[in-house]
Amino acid sequence: MEEKFKLDRQTIALRAAKEFQDGDSVNLGIGIPVLCANYIPVGREVLFQSENGILGFGEVTAPGEGDPDLLNASGQTVHPRPGMSCFGHAESFTMIRGGHLDISVMGGFQVSEKGDLANYMVPERKIGVIGGAMDLAYGAKRKIILMNHITKTGEPRILKKCTYPITAMGCVNLIISDIAVIEVTDKGMVLKEVAPGWTTEEVQQLTEPTLIIDPDCHEIELM
Amino acid sequence: MEEKFKLDRQTIALRAAKEFQDGDSVNLGIGIPVLCANYIPVGREVLFQSENGILGFGEVTAPGEGDPDLLNASGQTVHPRPGMSCFGHAESFTMIRGGHLDISVMGGFQVSEKGDLANYMVPERKIGVIGGAMDLAYGAKRKIILMNHITKTGEPRILKKCTYPITAMGCVNLIISDIAVIEVTDKGMVLKEVAPGWTTEEVQQLTEPTLIIDPDCHEIELM
Amino acid sequence: MPINKIFNSFDEVVADIQDGATIMVGGFGTVASCPTMLMEALDRKGVKNLTTVSNTTGFGSGVWKLMGYKFAEDMDILVRNGRIKKAIASAPVSAIFENNFEKLLRAGKVELEMVPQGTLAERIRAAKAGLGGVYTPVGVGTVVEEGKETKIIDGKKYMLELPIKADFALIKAHKADRWGNLVYRGSSRTFNETMAGAAKITIAEVDEIVELGELDPEEIVTPCVYVDRVVARPKEYGGDEDVIDEEAQASHDKFIKRGGA
Amino acid sequence: MPINKIFNSFDEVVADIQDGATIMVGGFGTVASCPTMLMEALDRKGVKNLTTVSNTTGFGSGVWKLMGYKFAEDMDILVRNGRIKKAIASAPVSAIFENNFEKLLRAGKVELEMVPQGTLAERIRAAKAGLGGVYTPVGVGTVVEEGKETKIIDGKKYMLELPIKADFALIKAHKADRWGNLVYRGSSRTFNETMAGAAKITIAEVDEIVELGELDPEEIVTPCVYVDRVVARPKEYGGDEDVIDEEAQASHDKFIKRGGA
């Protein structure tokens, strides 16, 4: 049997960044998503929006070197960049809720077959953090979820129905996990790519809903 | 019998400007109200707001001399002034509707005993101009109406009930007409000042609702 | 590939505006804040049955030319050439003279929905912000309340006002960069700023296009995600000289005498 | 007499905030956009039973001091000293550690109303703009919908969200003039800009007070009518050095390792 690889955090981010086209406005959530900013090909113009009120900012600075008044939503200092703009919260969420952002990349605890997303609360903790998650899950034109395919105890996170409280209904367009890339469509979940060494059957075994195998399903491409 | 004087447009504006205190934010409507800007005592800081999105601007320029991108709501060019700010329409009417302006000075066709204002439509014309009138009549903390006391045909404009379509209900606080200053209170309309040569009885004859005569009722003071 | 929202021609930038479209037209009423060249281009295109969303319905270029404006065509060019089916506006007619919109309205040739100015701004913003509607107290007890759903909230009466959606927003700004970031000048933000992003496609007519990075991030009023196309006015107005007729002259004189509109 | 909204003392500027008041606290979560000196002054005043409206509920000064901030006290100072009865917030607890608000919440000593961040912004804006409420689609089908009035508009489900009103808004800006015009820096507008004018009294803590006219009219973000009082931070932080305990150190290390909050 071929050796199986799982994508690490950085590699998941690298794969996700491939989804960004020239001119896309993209909000990167806390966790793996924020790492995507490091993997934009040279010359590609992607506009990052951060819900704390900046659009079109540059890379994360070295720790301790940035301007404390220039932060992304993860609290990291970022570089300014020509074309950047600043705004307040009402405007920032007008952008988000109003459908003016092309892509929202978020972490996820669970995704359902119909694209419901659960990412704000682990039930055991009893308290969640809604923050901007519900707005971002609702408002962006395309929602990409980055997550591990299964829990630490081996349970699938991609389910027929979420068991965790949901963030938004039917919102997810694409899941990039450590072992697969899955598109959520009206017809069901379509397996598009698998991690090196994985068969489509093996991915299916770790996924609750029945996957539609894309005729072009192939190994995850990073470049 | 003493000679009777009626205040002209400029004098009505002069009397109205006496109502503005230091720090008041004031929106001046089209017509007589906009003339008030010429009568602010030296050293008094009054902030004029114009619904087209400027606050704290200066005097009207000489015709043809101003910047076409610095207009009041009457379309006159105005001078910039230190402390001035610019904003768009949603913000401008957030200010107006949200009760952030101290005074709105408007023209009026009719005012009712309860303070209903009719100033957007002459029924004979069949089409009115609502513009910002309904917002301004609703939103400013204090509404001052400048108008002639009677129509050209001698009919009272201050009525028990407006016969013209109303702009806003119960909104008027003070009427400054060419012959009187009348405060609208919960108890009724209080005659505070009369033009030179006029008795309170003569003003009452040209006013439909019964006026409460203020014990201090006196001749209109302009300075 | 670098983002480039700049179009080189006014005709090209309005080429896909179809008959029956709903268009927002920015500005306040005076021509300074009006996308004048877009009005001319849309008229040249010969589009029909428009629904328009704007503060006024235009007063004609004559009065503005007399006041010294070179770029002087306002929404009236669409009105007088019969391109409008319905107008949603706060101040559709003039207090000074009978504009072309009023003439057509009296002749039953256009429809009108008159909306208080702040409600108009809020309904446009609701579309931009993805809201289903807002409750406003303005207009309660007036003709505006007729046919509206009302609700008592915290002891006070409000009316439900729905978003105004549109196919295109045609706006005027001062400067733009190739990403579509916009700044305005003085009192000319008006509905331009509010409409940017409220329609499916936003087209900005600007005085000047500047290099990316020239606009101060703190001073950008309309962030680029709200803008789809940018087109710059020529330095000199190259359009036809309009005939300044007696009506325009009379309106202008009345404006000056009255001290405003 | 010239307008002067400038106060000279933080204690004086919060002196009339009473027990049981509802206060909005500006910022996003990181301390850069937080009115830190107002938090300290309000704590010194010893006010009780506050209802707060804010994005987070604070994380304590230790973690911020470790990240190099001198003005480092956030809303946590009010939380840990038992001054809060109820918090309305979008992100009341931390993903990294158990903040003091979470401890009190688990102990049943504070109430919480959790609101999606954009809805929080819109409800605050509704109060500022004199609206009775707004219909939002965000949160439909989630826990947020529970107990809310819903409405189908144009075939889509929305929830009614009501204005959040408050007695005081405590905000942080970069510069102010004596009229109360405000500018901010970079990503620090956040809820500060949205809350300015949304409460009965707005108090702005600023880095610097400048002469009237120094702020560019095009760059003023908060026009002065929204601001009642202005107070400037001292150049140097003169407060107590906070004890940086193990928990703060652990949170900070986790933040750095995770690459963000």
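A, B, C and D are the chain letters, set down in written order, and residue numbers restart from 1 in every chain.
Everything that follows uses one rule, which is that contacts are C-beta pairs under 8 Å (C-beta built on N, C-alpha and C of every residue); 3 or more make two chains touch, one makes a residue touch a chain.
These numbers were taken from a predicted model, which means no experiment stands behind them.
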| item | value |
| --- | --- |
| Of A-C and A-D, pair with higher C-beta contact tally | A-D |
| Computed distance of Cα centres, subunit D from subunit A, in Å | 28 |
| Subunit C and subunit D, separation of their C-alpha mean positions in angstrom | 36 |
| Interchain centroid distance [CA atoms averaged], subunit B/subunit D, Å | 38 |
| Subunit D residues counted as touching two or more neighbouring chains | 122, 125, 129-131, 136-137, 184-186, 217-218, 221 |
| Where subunit B touches two or more other chains at once, by residue number | 54, 80, 86-87, 93, 97, 139 |
| Touch relationships between chains, expressed as pairs | A-C, A-D, B-C, B-D, C-D |
| Subunit A contact footprint on subunit D (complex, rising order) | 28-30, 32-33, 55, 68-69, 90-95, 102, 105-106, 114-122, 124-125, 136-144, 174, 184-194, 221, 255-256, 258-261 |
| Interface residues, subunit C side, partner subunit D - complex | 122, 126, 129-137, 151, 153-154, 156, 158, 162, 183-186, 216-219, 221 |
| Residue ranges of subunit B in contact with subunit D within the complex | 22-23, 25, 43-45, 47, 49, 54-56, 80, 82-87, 91, 93-95, 97-101, 139 |
| In the complex, subunit C residues that touch subunit A | 1-3, 125, 127-131, 177, 179, 181, 197, 211-213, 215, 217-218, 220, 223-226 |
| Subunit D partner contacts - residues on subunit A that touch it in the complex | 30-31, 34-35, 50-54, 60, 63-64, 67-76, 80, 86-90, 92-93, 96-97, 127-135, 138-139, 165-169 |
